[in-house]
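In what follows, subunit A forms one complex with subunit B and a second complex with subunit C.
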Partner chain A sequence: MSVSALSRAPSSRRVLLIALSALLIALVLGMEQLAPLFRALFPDQDPAMYQRESFLNLTLAHLALVLVSSLISVSVGVAAGLFVTRPAGREFEPLVSTLAAIGQTFPPAAVLAIVVPIAGFGFVPTLVALVLYGLLPVVQNTVAGLGTVPSQTLEAARGNGMSAWQILWRIELPLAMRVIIAGVRVSVIINIGTATIGSTVGAKTLGTPIIAGLVGNNLPYVIQGAVLVGLLAIVTDLAFERLEQRFSFGASGAAS
Partner chain B sequence: MIELQGLTKRYGDTRVVDDISLTVEQGEFCVLIGPSGCGKSTTLKMINRLIAHSEGKILVSGDDITTLPPERLRRRIGYAIQSIGLFPHWRVADNIATVPRLLKWPSSRIAARVDELLALFQLDADGLHDKYPHQLSGGQAQRVGVARALAADPDVLLMDEPFGAVDPLTRDTLQAELARVHRQTGKTIVFVTHDMDEALRLASRVALLNAGQLVQYDRPAELLVAPANDFVRDFIGRADLGLKLLSRRRVEEYCRPAQRTRNNAIASAPITWQVDADDRPMALLGGRLGESDIARTVVNPEWIATPEMSMKEALSRMVWFRVTALPVLDNEGRLLGEVTMSGVMGHRS
Partner chain C sequence: MSVSHVPTSDAANVRLVANRVLVTLLCAGLLAAWLLPFATMSPNRLASGQTVGLSAALSAWQMSALLVLCAVLAIAALRRPLPRGLAHGVVLLASLGLLLITLYSLGDYAQRTLAEKSPSARVSQGAAFWVMVFCCALAAIDAFQRAASGWLLRLGYMLIAGGSVAMLFASGHFDDLSIIREYANIRDNFSDQFITHLVLVGSALGPALLIGIPLGLLAHRHVRLQGTLFSVLNFFQTIPSIALFALLVAPLSALGNAFPLLGEWGVKGIGAAPAIIALVMYALLPVVRNTYAGLKGVPPATVEAARGMGMTARQVLWRVEIPLALPVMLSGLRIVTVQAIGLTVVAALIGAGGLGAFIFQGLGQYAIDLVLLGAIPTIVLAVIADFTLQMLVVLSKPAGTR
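Now for the complex of A and B:
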């Protein structure tokens, strides 16, 4: 019974993932088709449809920002997590954890305020804010994930003649991968949402119609941007959920 | 062959292993035993350099272990620990193939070796080959662990309380299997345990350690008959020394010819076996405990002995079924002879 329950649950999540992805793509490409709907709902708004930029361009710019910032967060975060779990770097663990925590405590808006005078407007300050903000979950989960590898497993790996590199690549990273990916998932989801505020300093994102709507008191703009950001976050989350399941080896069940 | 020469391990000022010298000959099954903290596990892990020794020398097959890179040394020495040491993200076959892959054997040779080991440990059924460790029973996982240690056909096998986490029944089976594999492969084995019964059952030599020092290194029977001092006597357990000794002896050493008859008539001997045409025992005539008159007891499959059975078990069956003799049967169920209560007392060696 438990077997069938296990095999059924992911398949319904899969259907959900496919359906929402389809909806997201349809909205990105065909938001204009909904113009009559928005006009009917908001008869007093004159342009009831954001048209200064295509939603496709906004979405691609948004994705590029999230992708680049996440790539940097993940590489730096995983590297830092690996470093502080090696014998050579163990004493730096408290320092790295604190730095990552500071990065997350800083509100992204404050980071923008600091970075804009240095780096100017647009893509770069937003990127810096997102990288700092997304670092903590990656570092934390890398350290935690590597910590879940049982010491007997490591001893067996050493006792069977694996070198430190072989133990890292063949044993530690695969076993920690599920927890590390969970950290990346949190980091990416946060960044998808947070990237919208980059539009306050001139970065082109899905936040652009939202900010324009807020400034110009145009609720349809806000809805059009927010729906796409929300959908993007949900679809990404579901995709990561599937990715995490690939790295489940029943290790947690066997530990009991 | 493994030689420890003046082996010492210091942590600060404490000597957890203190000047141990012993030689484990080729094909020997050496059990390191002692109370917790006696240094037995540390001694074992110094042999494959999982722990570095402070003083002394360790030779494996004549080579000083410090002259080899640790990884090379460890690939030459099998290493088995409790089942949790299996790699949870690798299938059974991949786990067993660990060391051959590190040694870069061709894949066809690895596959053949894995199949050979699965067969040796009777793991070749039920598609176990492709299962993950968490899908195995405790006993199966433990067998895979030992198979992995044997995969690259090392001369030496180190085992650190490998059966510590399995239930007593499974442990019993695993011990019997390890004894068989040891007989079949002739490997030199160093085995750590804190269970004296396990040591007496498996060892060809027992090294008893206390507070980092080697107290006695001897054959199990010598340990029982001629303990070096009171510590040894206490550690073995004075109360059931006799039973421990019997657990080392096999029924075939005590087996005597049996008196047979084909019919119900009472033969002259006090213990007579009634057999059928194929020489299978049907009943025991006489030989009941506490009954002076001659009784007839029908043989049932519970109270028979086989040549490989330990005398401790045979004696236990006699007591339980209140008889003074057990029939010893061969594989076909034919009567080979008998073991008797008085025979247990008579034997000396």
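Now for the complex of A and C:
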């Protein structure tokens, strides 16, 4: 990966996104083809390729976990953010904002661990932890994004005779969208990482080969899982970056 | 924190309830106390036990004290008769009282029940206990925000609350609780791992600051570098912690094997070396970004004036730019510290130790108390670090702008 390819120019970012996505798909589908390479690099390891589960299945399970949890976090988070910025819920805004800020200081791994006594092992506790943790950046950024809408703009919309709903849908949400998406980006990236740790509480994710490799002292397993999940996170982040640019207005970024 | 949003229209003045947040919290707490188990009683450390409700767990005086405090909170939430300022103070005192009663009752229940049971029987806290503690904390936070009180008052309150809880612990009141018995079993190991955790965080923060602050300066001086630098650092932040830890294991073990001398110094695939390197990589982005943002926020006119007074470039940096950028740089340190405390948990998976060791050991044995002994101190540590550094940020601001 050349350093110049990482620079800010949008076209090279797009090339990078496409190249890394292709690499990710190729590795997910064809990791088995690399078995000779791993055997050459680690001659002492007998099974040099994780085979208890196909990497496609692990990746899909990982994505399902992140997708379901993110959908819940985003819908609940945006709804909560909207509620505390309307007149009816404004009283709750300071508390909700503080809660979102304090909650994010909690280590994700600790949150995952605390959910286990309540929800047991496996998919469900990981999902609960992901939803709870994913909520916080979404709420925070929804409140912040709606707060950036200039009061003159709202005043002008009201003066034009728009109803509260129209103002929300046509003015506030479009203007706040970039900041909200930035919150979703943080939430999804953290969740990809926390889902990986979820394999320690029995969820099937790309972290499963990593943990199996660390426990069984099998470095090839560790590398296979880590490369895939690292790529997955980077590709997702780059995709969100493009999405954010699409929603920026004015001088802060050209719509592409 | 905007307190100005609280409605002050005429419609709000005729409402019966002045503090709907408090009412919501009170309802949530009471509902949890009614529906969820307050404690769990099990025959031994690993077996799952039977649940005990609040009414069965509390003695008569504890129950009445609890109800009285709830009633006080309910009255404080009403528009009359208490004036607003007094109501906030009442809420602060009542929620602290409620917190202490809840904690005391749990310990007392464990003592009373276990007196006639076998020594292996265990009492642990239930879901209702956690919800009640949580609601008390939120009620206090909300009262502070409504009163728009200063940092000193908040700090004092936290010290009093923390001190009372610590005194309950120190007096041995909780010694019969399952989690404290678990702690007694691993006391020496616990302090070792706690110190390891702090050492790991500290030894990652040092290099991160040493590398990050100059990089931030560089980004500020050479605009062309920024894009590349921030992209690379953002890549590090994006990679899931466990993957970054794991990816460092292979090259470091190869390095340690190739050069035995390095191996003797602790450069090995497993252990502290990959953990510290990964933590530094994660810490760089916030340090560099906040150093850059802080320096960028220094008004050009101020720098110009300093130069005009005949200051050298070095003097301008040390006497003008860095002092003015300090609050933003310190909030970077705050982000990094909190993040490192959390990531060190994961480092236990690659054998670096720390409080995460208890979490993963406990998860492996399904020993929930052990899991909590790792998780709760980590969370408390992160929250305390966050609060302390936030105070430092406030104190580092120039006197006029605090």
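FYI, the second predicted complex is superposed on the first by the 235 of 256 C-alpha atoms of A that agree within 3 Å, B and C clash if a C-alpha of one lies under 4 Å from a C-alpha of the other, contacts with A are read in each partner's own complex, and residues count from 1 in each chain.
As a working rule, contacts are C-beta pairs under 8 Å (C-beta built on N, C-alpha and C of every residue); 3 or more make two chains touch, one makes a residue touch a chain.
Note that the coordinates shown come from a computational prediction; the quantities given were computed from them, not determined experimentally.
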Contacts of A:Ile72 with subunit B and subunit C, given as first, second, both or neither: neither
Subunit B versus subunit C as contact partner of A:Leu175, first or second or both or neither: first
Touching partner for A:Leu34 - first (subunit B), second (subunit C), both, neither: neither
First, second, both or neither for A:Gly159, with subunit B first and subunit C second: first
Which of subunit B and subunit C A:Leu63 touches, first, second, both or neither: neither
Of subunit C and subunit B, partner touching more subunit A residues: C
Touching partner for A:Ser97 - first (subunit B), second (subunit C), both, neither: second
Partner chain(s) touched by A:Leu20 [first = subunit B, second = subunit C, both, neither]: neither
Contact footprint of subunit B on subunit A as seen in their complex: 150, 152-153, 155-163, 166, 170-171, 174-175, 247, 249-251, 253-254
In the complex, subunit A residues that touch subunit C: 3-4, 6-8, 87, 90-95, 97-99, 102, 105-110, 113-114, 116-118, 121, 189, 192-193, 196-197, 200-201, 207, 210-211, 213-214, 219, 222-223, 225-227, 229-230, 233-234, 237
Of subunit B, residues touching subunit A in the complex: 48, 50, 71-75, 79, 81-82, 84-89, 98-99, 102, 132-135, 148-149, 158
Partner subunit A, residues of subunit C touching it in the complex: 1-3, 5-7, 19-21, 24, 127, 138, 141-142, 145-146, 227-228, 231-232, 234-235, 238-244, 246-247, 249-250, 253, 269, 338, 341-343, 345-346, 349-350, 356, 359-360, 362-363, 366, 368, 371-372, 374-376, 378-379, 382-383, 385-386
